[in-house]
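Chain IDs A, B, C, D, E and F follow the sequence of writing; residue 1 opens each chain.
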């Protein structure tokens, strides 16, 4: 059982390493969306610091959302998804492995880039620290919920946009708690409450999302 | 292997709001080939997906060794391999890596020497280091066949395995099927092309209402 | 000469962190580029030779 | 033997092989000379103290980042117009170095800005347009990486470089305009007049060093690209034969 | 010649009408991204009014960008793109027709939705009026430049995100002039200068982009 | 139509860094069929795309009525129709609409009565109102064939027109080609399957080095 999980993980990581281009593009997308906002909103440092956490959280959401639309799509197109589903292991493990791989590949790098963008938005070190913690808790939620969306929209025309539409509403709590934690520390009201709510949401997603995603995957393949 | 058999009882299949077939019954024993034939859009692919358990029937059931497959999914999938219209070959991996991951995902341990021997037997000896992206359609199909052979399972379900293959590849495919059947395996296959399968028990199943002349 | 001592030089009038931070990263970037280039050149040759050997077979 | 002889990849491969050491050594020498001026001849700035010494890499890197883009666009246009293989290879060979210089300009600027302006980053015209230049470089490199087919990649990348080249001045002015609307004059650099000559000298020498370095690195990269693309040709086969 | 242009237009509009779902989703995406910001940034009205124009412009950009990745992709997949390129008419006309259709389908509805969102962000009527004009001038630029990006990334893995990466930097001037015009009218410095620059950029794109996109299309189909 | 001919002079084609073929020469006159044959990945599709002008050759040139096609793109495309691996049929439109837009894009005016007659001749009379999405693969291929017939051009370039077609559809295709050639048209086609084309001038072109037995 854990051998299957490891096989899925290793496979997805190997594939990501082969397609370094795709991976880099996703990271750059994050940087670019975050950089668009100052261009639209204007360059005053105080204003940027104020909206910074929100913008970074929204940008991180959009960046990992876009890569999510290909979570199962590539494997579906070349037929290997069917082979994986036809393996003697439970589909839940497959979904869990792929979500985990997605988080390692697309979530973790966001954590590494976010501080640089935080500096561009004039955030304080303390705010950046909390931003990191909140992203650490929040990005796996996106990978898990995104797995559900990706399974539901598998093979549909315009799947990417539809996925966004399905997942964003579910994801709103994470966004509110996450950006709220950073806002809290900047406003001096502390971040603990927000962070623990975020953690609870993560545990909840971990317990529910893979099962729903596995069911959705079987339905989409019918 | 000897008592393995696949049977179908009162099977019905609907896609969209159209009933493709109903009351289908057959039994396939080891060493036998089932050739599923029918005109375009009559439901051959749909039937094969029912047999794999990827989709579930409108009515009736599919049984493996006498028990419904949905009650023993994992045991059934450990003895069955499916090759669909798509190959399941990753473009970014080379043939050997493809076999390794295919084995890993099926819960088997990969034996590199055997994998390479199989690839060479299929005429891919010179492509071992190339990513599958640069292989031609026929060569990629052969990688998928190598995975099928390595799986070492009893039941093969093949959906138009000959599409786009050249005459040499078709001959190779025929001999592989013959060997598998003679070793006690079972095959369910669809095709629109003629197949040369002498010395093999071929059962024919016509799906749909369009008359199709004998091909094999 | 501007500098009284080496430690003075490294200190850069209090801006050592920034000055050496810039120069250091520049040096690292250049070094990485040259290194990658050298390695890639070797890789290419090796791969081409290997492919030649196949083709001769 | 005339100039056109070297437009053939085979001849250029040999020529570049001979020239690279010269450019590389030249780059090293000029770097040493420039750094000597930067750290030992240039006096302390009375306003910025020693932090201004960052200028000696910042400005050459910024110049190179823009210059290399123009050269890339030039080669791309030549390639599209005359279908010369070598010009596409040149464009490809230059892009990574251009991106690196852009990154260096951004990085050194940020590490200069912190002590001078008190912020690592402000959304000022120059900074923003340099950032967008980095995005353009990355986009072009990503497009090349995504296209397996060499011919298609060459042409697609060159088209993108060209449309980017048309856009760069527009971006620069738009950003400048946008910025001045919101913010008063941003920090301007004041420097002691007596110092300007040494500083300019150091900057120019380091700029020449960067230029030589770029040529050396780009040629080395072109040599590799030539080998890859001409691997079926007789001269590459003979070359590899001789080496092994 | 104009008959060909009309045929392309009619065809794309008919297809869009058949796939009303896709179309609705793109509009919803706009609403959703714009609505995420108040969630991430916090609800103060003054702050929202301040960042409103920028956020709406960025959201409009992202929304029409996402649909751009399918500008040629669907026709490429089913082979009709090749048939169109093999028609006896120039490819530039084809590109122009498809860009125009994209703007009619995805640009115009943004104009209709934007005022509603503007009200949510507490913009004044005058600001909303200028926002509309700026979007009217700015969205066709995106359709035109996006045509270039869509042609360049045709059939590539991860084409959608790559397209974004290629096009967003080129699109920056439109974003700055567009959001700047609204900011200008809110700050009392007037919007005319920005709007005329935006208009000039539109004319320039109209003159250059279709040719480059047509060349890129031929290259991608080779 | 009488003096129409397609000729190829010293044509060379490279994909990636591989030279698929070089020094290819042939001339096709009206009333003749050119059957392009070769193993998988030998360059048949690549050759056909060169002939349409979608891609440009590494060396040599393709001429239509004696002039290079790249110098007379529009005139050539007005006399040529291409059917590739993909059908060019829009899933969301019904067959008649598909024909209408195909005609519009080629700059012709659509004659609805003739379009419907052609579809009926191809056995699609019962599908006129259905979106092509619900048609089977073979029926969709037939819609593409209807567009080809309606175009009324001299030169057809067909890439594996028989893939996935059932035997009835194959027979229909054969008779269509025969009629077109007897009417003075020209056809270039590839296939891995056997074709029955009596009473027609068939020229054969082998692409690549793999030996292929005669099929037609």
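Note that in this section a residue touches a chain if its C-beta (ideal position, glycine included) is under 8 Å from a C-beta of that chain, and two chains touch if they have at least 3 such contacts.
Being a predicted model, the structure only gives us computed values, none of them experimental.
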item: Most contacted chain pair (by C-beta pair count); value: A-E
item: Label of the chain whose CA centroid is most distant from the centroid of chain F; value: C
item: Farthest chain (mean CA position) relative to chain D; value: B
item: Whole-Å separation of chain centres (CA-atom averages), chain A against chain D; value: 35
item: Separation of chain C from chain F, taking each centre as the mean of its C-alpha atoms, in whole Å; value: 56
item: Where chain B and chain F are represented by their mean Cα positions, the distance between them in whole Å; value: 32
item: Where chain E touches two or more other chains at once, by residue number; value: 19, 157-158, 162, 165, 168-169, 172, 176, 183, 222
item: Per-residue multi-chain contacts in chain D, two or more chains; value: 135, 138, 142, 146, 148-149, 175, 178, 182, 228, 231
item: Chain A residues touching chain E - in the complex, by the definition given at the top; value: 19, 21-22, 25-26, 28-29, 32-33, 36-37, 39-42, 47, 50-51, 53-55, 57-58, 61-62, 66-67, 69-70, 74, 157-158, 160-162, 164-165, 168-169, 172, 175-176, 179, 183
item: Complex contacts: residues of chain E adjacent to chain D; value: 145, 148, 152-153, 156-158, 162, 165-166, 168-170, 172-173, 176-177, 180, 183-184, 187, 189, 197, 201, 204, 208-209, 212, 215-216, 219-220, 222
item: Sites on chain A touched by chain B in the complex; value: 3-4, 7-8, 10-11, 14-15, 18-19, 77-80, 82-90, 221-222
item: Interface residues, chain B side, partner chain A - complex; value: 49, 52-56, 73-75, 77-78, 80-82, 84-93, 97, 101-102, 104-107, 131
item: Residue ranges of chain D in contact with chain A within the complex; value: 110, 119-124, 128, 131, 135, 138, 142, 145-146, 175, 178-179, 182-183
